[in-house]
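After this come two complexes, each holding chain A, first together with chain B and then together with chain C.
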Partner chain A sequence: MIVQRWRRPAWAGVFTFAVVFVAWYVLTTLTQTISPGRFPPPGEAWDALKQIAVTGYADARLSEHVLHSVKLVLLGFTAATVIGVPLGLAMGASRAFEAFVNPAFLLIRPIPPLAWIPLAIVWLGLGDAAKVLIIWFAAFVPAVINSYGGVRAIEPHLIEAARMLGVSRRMAVREVLIPGALPMIFTGLRLSLQACWTTLVAGELIGAIAGLGHVLYQASLDIFPAMIVVGMAAVAVTGALMTMLLGWLERRSMPWRT
Partner chain B sequence: MRSTANVAGSRTLSFRRWLALSIAGFVAFFAIWWLIAASGLVQRQFLPTPLEVFERFVALTHTPFVGYTLQQHLASSFGRFAAGFGLAVLIGVPLGLLMGWFRWLDAVVSPLFDALRFVAPIAWVPFAALWFGTGIGGPVLIIFSGAFPPCVINAYRGAKYVEPRFVEAAQMLGATHFRMITEVLLPASVPSIVAGLRISAGLGWQSLVGAELIVASSGIGYLLVKGQAAISTSIVMSGMIAIGIVGFAIDALLRTLERQINQRRGIG
Partner chain C sequence: MRRHIAAIAAAITLGIATTAAHAQQPTEIKISYQPALYWALPFYVAEQKGWYAELGLKPTFSTFPAGVPQIAASASKSWDVGGTGSVPATLGAVRYNLLTIGITNDESYGNALLATAKTAEGFMKNPASIKGQTIVLTANSTGDYAVQSCLAKWGLKKADVTIKSMGQAEIISAMSSGNADLGGLWAPNTYTMEEKAGAKQICSGQDAGAAVPGALIVRADYAKEQPQNVAKFLAVYLRAWKWLNAHQAEGIAMMKKFYEQGGVSISDASLKKEFDTRPTYDLAGQLKIMQRPAGGASEVDGWFTKIGGFMQANGTFPEAPTASKFITDEYLRMVDADPTLKEFANRTN
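For the complex of A and B:
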């Protein structure tokens, strides 16, 4: 079916944000329909941003909170990818292995990552180790499922051709299996990165000494709506940047897909 | 399922071997768990045996913990979930269809929607607490923010990918905007919308658990937090199992719905 390509005009986005900003300013500052205790006026949000960026809030500056959160996500995410992707590939390649591993996997899979938070806290306390464990869980399941699905989605005749040409097992894995499964692996990584980020913020909200979730928690305790807005914006921007970085990595590692 | 893509070069598994291996895997999972717990490597308090967790699970269904039994916690969680998910569907699907039909709306709403989507649902917790306290509104807001985007996106995609012929035919016959949306776009996008509902329900259920861990005084997430505070791993694990079962049931229900709709349309 033919879908007409239509680009959203850029001015519309600018227009929308301008309208939202004006409405925000008018409702909170001019008419005060929304009380500052419920949602902060733009001026206060700007001051809160300056405060956290320059003097710091909740024991650290914004850049330190961001770095702390990002570091934990990358640790857990990398560990999950390093273990999950090969496991998924092996499950995709060997039906016997799949049959053996799948039951345990099916038991763990329906439990959402956020539900691991209390268990991780019981096991490891409120420190960074518990966060990394939770993030690991958040990233592990999508990494396995998508690597597995990626192998299963490889065209059978590609595999038959490789076998007919008598390639060794190692070569089959390197030249057929991994490149063939790569698109879906990256889909999985993108999903799991978002899940990691959400999970980390939740973990930090429940108990942490630093990080963006901790900023949100502290702002919520202090009833500081302006800082809540700044924290939420920081969560969104950091999450978006990490997703973009992964997208760039995806294009770099699959040059044949352009 | 497609024909066997087996890189390792071994043949397909016979059903018998598959069953044997599956059972072996199942047994191995519990055996390893039991061995670690029973060997005393880890303190019992931190890793109970599978049997102990099962007993605790059963006990929770008739003796109340933090005020309610397991079923009552689940019921209050499910009420919140239904409210948040229902709102997300009722607002998200029409919005997606409208954005798929009116380009100006698409142009105006999409940038804002894309920006808001990056805010993790859990990041709404402080505002949920500020605006609603620990009442029902807070968790519903968080569930809504988790479940809303897939509803909009899938309805929008469904509406965008409608056969142009249908749209043209309806236009030629003089359909109004309202009839175009309700009688052409909506029926044509049902498969996409239902697929979106599945994603949306999954994210909503996850967000609910997160929300209840922080802002709630009942519900399954609250049970987890209290179990954690009491350093009772078996309660925490029982709660996780209950969450898993309900999440699985919701997904299975929507999957059945999806399959039936697709079958009726001759897709699946």
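For the complex of A and C:
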């Protein structure tokens, strides 16, 4: 019974966190095997968290930084989803369209999102628009590839059956193509969301006035390891919460899978 | 018996000879700096002239694009001594117990707020119009300190403007491409912006009454282990300034080469301006500005106390460090007390 309880994922997760925390405390505070200059003890990280949450750091409080980053991620992610998913579906559904779009897509695909930063600044200036564009680039590719792959993975007999039943093109898309591709579309969206957060931190390194990437940049300039840990933890927690939200949306969108 | 005595005598002779040879071996010292900066020129000149070797030092140089990575590298003992800005020096004192042992130069004029050609005149005529503008600068740098001092001089607060932080190269790109009208830069980037993009310097640290010194720094553990080497390092640095100030034409030629090696190409007039606007200190001058009256603070203590306050206000650390705890004239006094080093440091040839 006890063994079964410990097998539950939530308990296992709590146990892992507890072990990591104890190891952190023992190594940095109790035995000081790792010096504070290399990795901050929990006490310093707590002080840094209080500083950014209460008095603020890098020109804003933690809540403002988180909201700013979430705003940028949502904008980039939404734009990538709105453009990338239909594009991937269209490429998967139509050989002619794929032949038309794929060469350009294949050229753009290997370019690292961060390589767009200088051009994004020239095109859109130092504001948030340039950052959203970079995030969009990062999220766009997985959204397209997985939507395309989702359509291609639909078993041909389903499409044949729909044709034989005389289903209209629009209905085939709505009833066969999208539901059939949905599992892979969501896999792509999860990858896109992850890419958004990875790129956001890099995008905010230049010319940002708020955001978690800005916090990390400022903390690196201040050689402030405790604040770096707080910034990283904030990115991790916010990113995990958004992934959980996407998971919830996925379950709601595909009730037949639960 | 005779054979034994001969063997012992031979061993002693060999031992003495080896020790003597070992004593003449130059001592390695790891020096760090940032390339293409005025205060780093003495390192280059001294190396070219062979002055380190004259004092038995064998330097290994490491260069860093900015003060922060330079300071961070001290944690892994990547360097022993070096030069840096006063803001990174203060940061290094708090984070890694770095000591400030001298002043490279007074760069109050060289750290400034620049505006693009089309906006400069308007901002100069009416500094209050800077309110609401975006300023691009390198956060927590001497440039940031100078810009914030300028804002304070005009009765503006940091919150009155939007500050965007980026590296010096990105600031030049942003201003040149019309993405920013105001930028905090330090020399020689100020000259690059003036010459290549027509920007104008509208306020410097000097104009705002903010002393912006450059610092000579050492790792505290190295200073404790090798105080004599630290004194020799200072003597070489001071001699290089003496020589540069006495042979300016030749110095400018070397400076041009040194800057070009660091990717900076500016006119001879701007190179000369570096000499004209950035005072340096010889041994006596250094000792004077670092002298603490009984129970009081030195001039340098005062400069760094203000810089510490600026960094505290920026949230870099909760309390500004006490200047007297990380600034010391101990090694300058060692140079002064040693007739050979003193004479060496004051040579103009």
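Basically, the second predicted complex is superposed on the first by the 228 of 258 C-alpha atoms of A that agree within 3 Å, B and C clash if a C-alpha of one lies under 4 Å from a C-alpha of the other, contacts with A are read in each partner's own complex, and residues count from 1 in each chain.
Following the convention adopted for this analysis, a residue touches a chain if its C-beta (ideal position, glycine included) is under 8 Å from a C-beta of that chain, and two chains touch if they have at least 3 such contacts.
Predicted model, so just to flag it, every value in this text is computed and none were measured.
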Scan A:Thr187 for contacts with chain B and chain C and give back first, second, both or neither. neither
Based on the superposed arrangement, let me know which partner A:Ile121 touches: chain B (first), chain C (second), both, or neither? both
Thinking of the overlay built on chain A, is A:Val20 touched by chain B (first), by chain C (second), by both, or by neither? first
Once the structures are superposed on A, label A:Asp59 by its partner contacts, choosing first (chain B), second (chain C), both or neither. second
After lining up the shared chain so the two structures overlap, which partner does A:Ile111 touch, if you call chain B first and chain C second: first, second, both or neither? first
For A:Thr29 in the superposed arrangement: first (chain B), second (chain C), both or neither? neither
Going by the touch definition up top, name the partner, chain B or chain C, that contacts more of chain A. B
The intersection of the chain A residues contacting chain B with those contacting chain C is 38, 118, 121-122, 206, 217, 220, 223
Touching residues of chain A toward chain B in the complex: what are they? 1-4, 6, 8-9, 12-13, 15-17, 20, 38, 92-96, 99-104, 107, 110-119, 121-123, 151-152, 154-156, 159, 162-163, 169, 172-173, 176-177, 194, 197-198, 201-202, 205-206, 213, 216-217, 219-220, 223, 225, 228, 231-233, 235-237, 239-240, 243
Can you list the residues on chain A that touch chain C in the complex? 37-38, 47, 51, 55-59, 118, 121-122, 125-126, 206-209, 214, 217-218, 220-224
With touch defined as at the start, can you tell me which chain C residues reach chain A in the complex? 68, 71-72, 75, 91, 95-96, 134, 136, 139-140, 162-166, 170, 173-174, 177, 179-180, 314-318
Residues of chain B that touch chain A when the two form their complex: 2-10, 12-13, 17-18, 21-26, 28-29, 46, 103-104, 106-112, 115-116, 118-127, 129-131, 160-161, 163-164, 205-207, 209-210, 213-214, 221, 224-225, 227-228, 231, 233, 236-237, 239-241, 243-245, 247-248, 251
